[in-house]
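Got some structures for you, see below.
In the two complexes that follow, subunit A is the common piece, with subunit B as its partner first and subunit C second.
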Partner chain A sequence: MSQARTLAEWLEHPPARDGLLSTEARHEVARLATLLGLPGPRDEAWRYTRLSGLEQEALELGVEAPLPDEHQLRALTPEGVTLDRLVVVNGRPVPSLCQIGPLPDGVGIGSLSAMRQAAREGNSSAAQLLEHLDLLSQSRQRAFSAINSALAEDAAALWVPDGVQLPRPLLVLSLVLPQAGPLLSQPRLLAVLGQHSQATVLEAHGGFGDKAYLCNAVSEFHVQAHARLEHVRVQRDSVAGRRVSGAFFQVMAGAQARTHTYTLGGRTVRNEIRMELVEPGASGEINGLGLLKGETHLDNHTHVAHLAPDCQSHQGFRTILAERSQGIFTGRIQVAKDAQHTDAVQQCASMVLSPEARAVARPQLEILADDVKCTHGSTVGSLDANSLFYLRSRGIPGDLARRILIHAFCSTQLGRVRASEMVNPLDRLITRTLADHA
Partner chain B sequence: MLKIQDLHATVAGKEILKGLSLEVGPGEIHAIMGPNGSGKSTLANVLAGREGYEVTSGSVSYLGRDLLNQEPEERAAEGIFLAFQYPVEIPGVPNLYFLRMALNAQRRHRGQEEISAEDFLRLISEKLKLLHLDDGLQKRAVNEGFSGGEKKRNEIFQMLILEPRLALLDETDSGLDIDALKVVSDGVNALRSPDFSAVVVTHYQRLLDHIVPDRVHVLAGGRIVRSGGRELALELEREGYGWIGKESGVDATR
Partner chain C sequence: MTEEKRQIHELAQQDYKYGFVSAIDADTFPAGLSEEIVAAISHRKDEPAYMLDWRIKAFRAWRDMRLPNWAYLTIPPIDFQAISYYSAPRKKEGPASLDDVDPDLLETFEKLGIPLGERARLAGVAVDAVFDSESVKTTYKEELAAKGVIFCSMSEALREHPDLVRRHLGSVVPVRDNFYAALNSAVFSDGSFVYIPRGVRCPMELSTYFRINAAGTGQFERTLIVADEGSHVSYLEGCTAPQRDENQLHAAVVELVAGAGAHIKYSTVQNWYPGDKNGKGGIYNFVTKRGLCHERARISWTQVETGSAITWKYPSCVLKGDESVGEFYSVALTNNHQQADTGTKMIHLGRNTRSTIISKGISAGLSQNSYRGLVQVNAGAEGARNFSQCDSLLIGDRCGAHTWPVMDVRNTTSVVEHEATTSRISDDQVFYCRQRGIREEDAVGMIVNGFCREVLAELPMEFAVEAQKLLGVSLEGSVG
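And then the complex of A and B:
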């Protein structure tokens, strides 16, 4: 019973059932989304990215998707690391495919709908989790967040109680499986890390098949006082896949949130990553790696908001651009008036492998405090001819030498991943992806 | 082993080598001296196959085959090793990984099996010991943050691991303290055999006290203008290159 409608039509008539939000609430936020409208050419933040034709396109919601096959699951699963696994297909968690090992008391991993059920049955932490929904995604200003809130049927959810450390990284495997026609997928993730808790979360997103799709993902992370979050996101979309993602982090006193976004494909990908350092001593890190070729267009937008004194942030993005790919980085550092002793760093480096590829870096600083340390820098280069000759002069064939140098360029990003069990699997993933880049 | 005949080469459209001829037999060590900018590094780079160095005429045969149509990595696998005047820093590539890739690539080219991890580590520690080097540097990225002398020592270390048949040392002795000079000369002398030849570019005769050359050549104005035994190096050290212009009609400063 799959129906295809334009986005405007979907927003006018969202599914008449409870989804991520209640039926009434989703209608309300759908109206809001319609008012906000899709970002257009005059939208400065969307200057480099067009989702042309989206308004006219008839899209399915793909809610009754088939189950993914083993091959598809394996393609997105990092090897050699024990994980708890949530599987999400076209935005909807599939309980039968989830694999969760024994967990410490009070930890909640599952679908938001299951949490809602638990809350109704009197589970207080499930009720608390629900209170955090949609607080960070800016769905009053950001059209794609409003669209997600209106049309998402469910969400993946993580609740880590105060003082608890997740025993294994949580893998949220999120697949886009287009069926008859173009698909609009709305994955959603809500994670709340209690005070002094610790968690590693890996979001692995991928799209399959040759059908067009738009995946509009929203993830929200509440990192409470002195908690530690390591968040890795791997995005492997198909050549016909478009992705708009929003990841939102709120970091409280003395807590640390580190997020890494690896974009390894897709037609058009726009990642928006927003981190608010809300209380003193919070620290945040936003890293990104893009391995682009073909026609891939990647637009990374970061926004780090220093809202309290004595916070630290680091942003580091690296992009490899082959063939006709494009990589845009817009990095915003905002330092509020009383956010003294802010220490903020932003670096962006691009390696352009083809004359037809294009890299753009746009730092945006907005500093209202006076006692701050804020540095930023960006470089655009190509493969270094001296290094290449050095390797070849030692007997390493040209194509291997190129791959070694490209991998070396990426390896600084791997070095920033603190969850040590994730480093090797990520490294293998990069190596495999690069095998057809050089 | 190596036969260069009437070699002309240009860099960035400018002719640097202008009819250079040189023959190096198996087991021989030849020293090349000459003024700054005379073309010594150009010669070394042409032999190693660096891009941007265009041979316009002349020939180079190595082990009886035309060298100039081979890719740099083929030349390396066939036994040519260039110790760079300015070794390159490659952040993100660990030294040992780089060396193992290089060694295995060369072995594959020669139809040999790849070296096992244990054998490789044994080889590394054996050569480190031979050169009295500690293994700290090998754990770092290729030449990254190495001092000038450490980079030169690392070149020699790589040479010992890769065991070339023809080593081209481009001022590997420049900027070295006495101990490092010993490392370099020990490294070359360790390889000395009837199957190993070397072309040693240097400005200082003191290296030649440790690596005793069979022949010494003076390269000036893109050509070998004089050749002799090791006593020529002593003479050059005493008298400089002022004589070149008068004797051979070549501008010594070019």
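And then the complex of A and C:
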């Protein structure tokens, strides 16, 4: 039975059953979420993004969701790549739709509830995985993490043991299927990569239908010493869809985490990405591409914390803004007192294609160590008239010339994806989206 | 200990050069702020009636405002009721000429190296000196009057040119603009007023020297510069304060109005007492500076910030007229326990407006230095262009350098670029200099001066020399 309640009511009376957390724990986190309150215009970090009316809105949790049809699944699946697939509908993994091939010993892919069951049956790696839950999401400070922890029913989970390389990329298909009224979907992902392990994770998020929804996603990644993580996230929300997503990475000694976020639609999308480089030699990369049109409002908010010496980070964001879209970028690089020999780069470029669009860039450097190299650069501009002229003078029609230049602008981001099997499908996706834009 | 080390050590012990107190008889109001105090200031200054209304309006706005807390600063609580809002050097029967000015006061200026009177004539700089809250002497007035230039204290301007002041005062920084601007509007006691008539190129540099002398007081001066169509003026501002264990508040407002085609160049060398090595004492410098550019006008802000315990200051340009130009060149140096959160705002409203921001932050000791800036390009600002560069230099491993720029672009025809770097003085550079027989302290000074050269080049000659020396003095003891 679906029920619609406001967020405050849900937090006051969270479902009285075990979900992501135990009944008791989810009540406690719910109380905390109420105390934290939703961020408003007076919060500097939320200055440019409004989730107006969210407090008053009656939302359903969409627990009894219908199964997605084949067309919806295909729409989000990259073509021509062999993948293991986990399907999550309205925040709940659906085991019947998962397709997992043969895996090396010890690798765990599935729902968190299944892991919990395995742990009860004495599976030690499942028990270890559970210990990592909710350590990174900052649910004590970040209201949306607390809401997710309190109201999420289950999570997708990945465990890669020490020294194991995941044979195929893992695709986590996360669909939002609103039914009668506005829906609150709370997908959650927990991934732990053991020492010297390697994995590619593709999160494909999509919303369907014309009903309003709020998707409050939280993903946590523990990348242990010398492990390598390649994380690609594609977000295609419907025009009525709002999304607040938090991705949290903890990178240990000599490990490498790379994340790429492609935002291709939605009404209001807020992506928060936090990467902690905790031990010496860790390196992190955060890339993002936004292709925006209509009324889409995209707010990318990154925070890279250099907490140990000899760490490297790179951030690269590119946004194309058409029609009345808005693109906000806030990127913070924090270098702690003893994080000497830090090498941090941040770049943000926006291409504004319409006089009604708006681009805001807020790079932030906070440096407390002296032997560091930190740079950031940001540009806001339009299509270069000289380049357009060059192409036109070689007989390329204006429309095509524009598309070529815009595609070239986006391609830089593709070049940063190391998982080579993902590049072509992503390129096709971008080309298709740009063709829709035109 | 080598000779150099010893010298460096000695230099490090060197104290704030301007930290003397002048024993001048002052007329100071009791501490506290109320409508009565605001009215008393207005009354004492013999102001026109509209000023009292204006001040009261500002005071009421201020009372309802909250202290801004968004800056990267740790500001100890300030008791606004413990400050005296008015302190004037007591007049011994109104000085008619330089000879009648309190000799102690003249001696003070002597120590500060300010050319007054005859010396000003030689130096070719017109000076208005503001001592605590009162303007004490404006030099070179007659010579300027011949060109139609008005350069006087704000109180005099309110008496002599009330309509001119009324038209422009608060037009760029409204009374409710921010907490400290509202406070200043309510209690400001003096400052400088400049008016340059249409088409006049001011024949000399104008200069104001500010000094806080009395204990337990704050300084709240207000500067208004109006440059009429096609005129040109270069204005210099310098400041010092005595060395005290208490923190003193300085909340000034500077408003610039540049008419069509006018050019205002505003340079500041800020050297308020920064507090001692342990962070005790020092001036809280909370300043609002903003300029309004009409068509083709140009405003350049150049600042060298070395003093103050805490600096909170964002000289800004509102580029309202088409083809107007805004510039901001800044060197902010912090040492010991100093904190600075400074930068600029460039608001592009007119078509083909241009702005340049060059900011150099140097942090040493335990200090925190932040650049905070906004470049906003509105929908109507077609063809707007901005270039920003902010570089930070770290000296030592216990200081912090932070950058918080914001770019907000709302049209397709403008180009906005921002670059930032953070670096430190490399051992290689110092070694190279040492190898050529240059002392370590001098080498660091040289490297810092090189780092700042784009900004120092914008300063008028006399100031550039002073600024270079100041950078050297402020860095003493931070290396070696």
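One rule holds in what follows: the second predicted complex is superposed on the first by the 437 of 438 C-alpha atoms of A that agree within 3 Å, B and C clash if a C-alpha of one lies under 4 Å from a C-alpha of the other, contacts with A are read in each partner's own complex, and residues count from 1 in each chain.
Going forward, a contact is a pair of C-beta atoms (placed from the backbone, for glycine too) under 8 Å apart; a residue touches a chain by one contact, two chains touch by 3 or more.
Worth saying up front: this structure is predicted, and the values here are computed from it rather than measured.
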### Task
See if subunit A has more residues touched by subunit B or by subunit C, and give me that chain.
C
### Message
On the A-aligned overlay, A:352 touches which partner chain: subunit B = first, subunit C = second, or both, or neither?
### Response
second
### Task
Look at A:391 in the shared chain and tell me whether it touches subunit B only, subunit C only, both, or neither; answer first, second, both or neither.
first
### Message
Output check: A:412 vs subunit B and subunit C. Expected answer is one of first, second, both, neither. What do you get?
### Response
first
### Query
Can A:377 be said to touch subunit B (first), subunit C (second), both, or neither?
second
### Partner chain in contact with A:131 - subunit B first, subunit C second, else both or neither
neither
#### Entry: Touched partner set for A:400, first subunit B, second subunit C, both or neither
first
### Query
Which residues, counting only subunit B, touch subunit A once they are in their complex?
48-51, 71-73, 75-77, 81-82, 84, 87-88, 90-93, 98-99, 101-103, 105-106, 109, 141-142, 158, 162
## Note on the structure
Seen from subunit A, its contact residues with subunit C in the complex are 44, 337, 340, 350, 352-382
### Message
If we count contacts the way the header does, which residues on subunit A are in touch with subunit B in the complex?
### Response
384-387, 389-398, 400-401, 404-405, 407-412
#### Entry: Sites on subunit C touched by subunit A in the complex
70, 72, 379, 392, 394-424
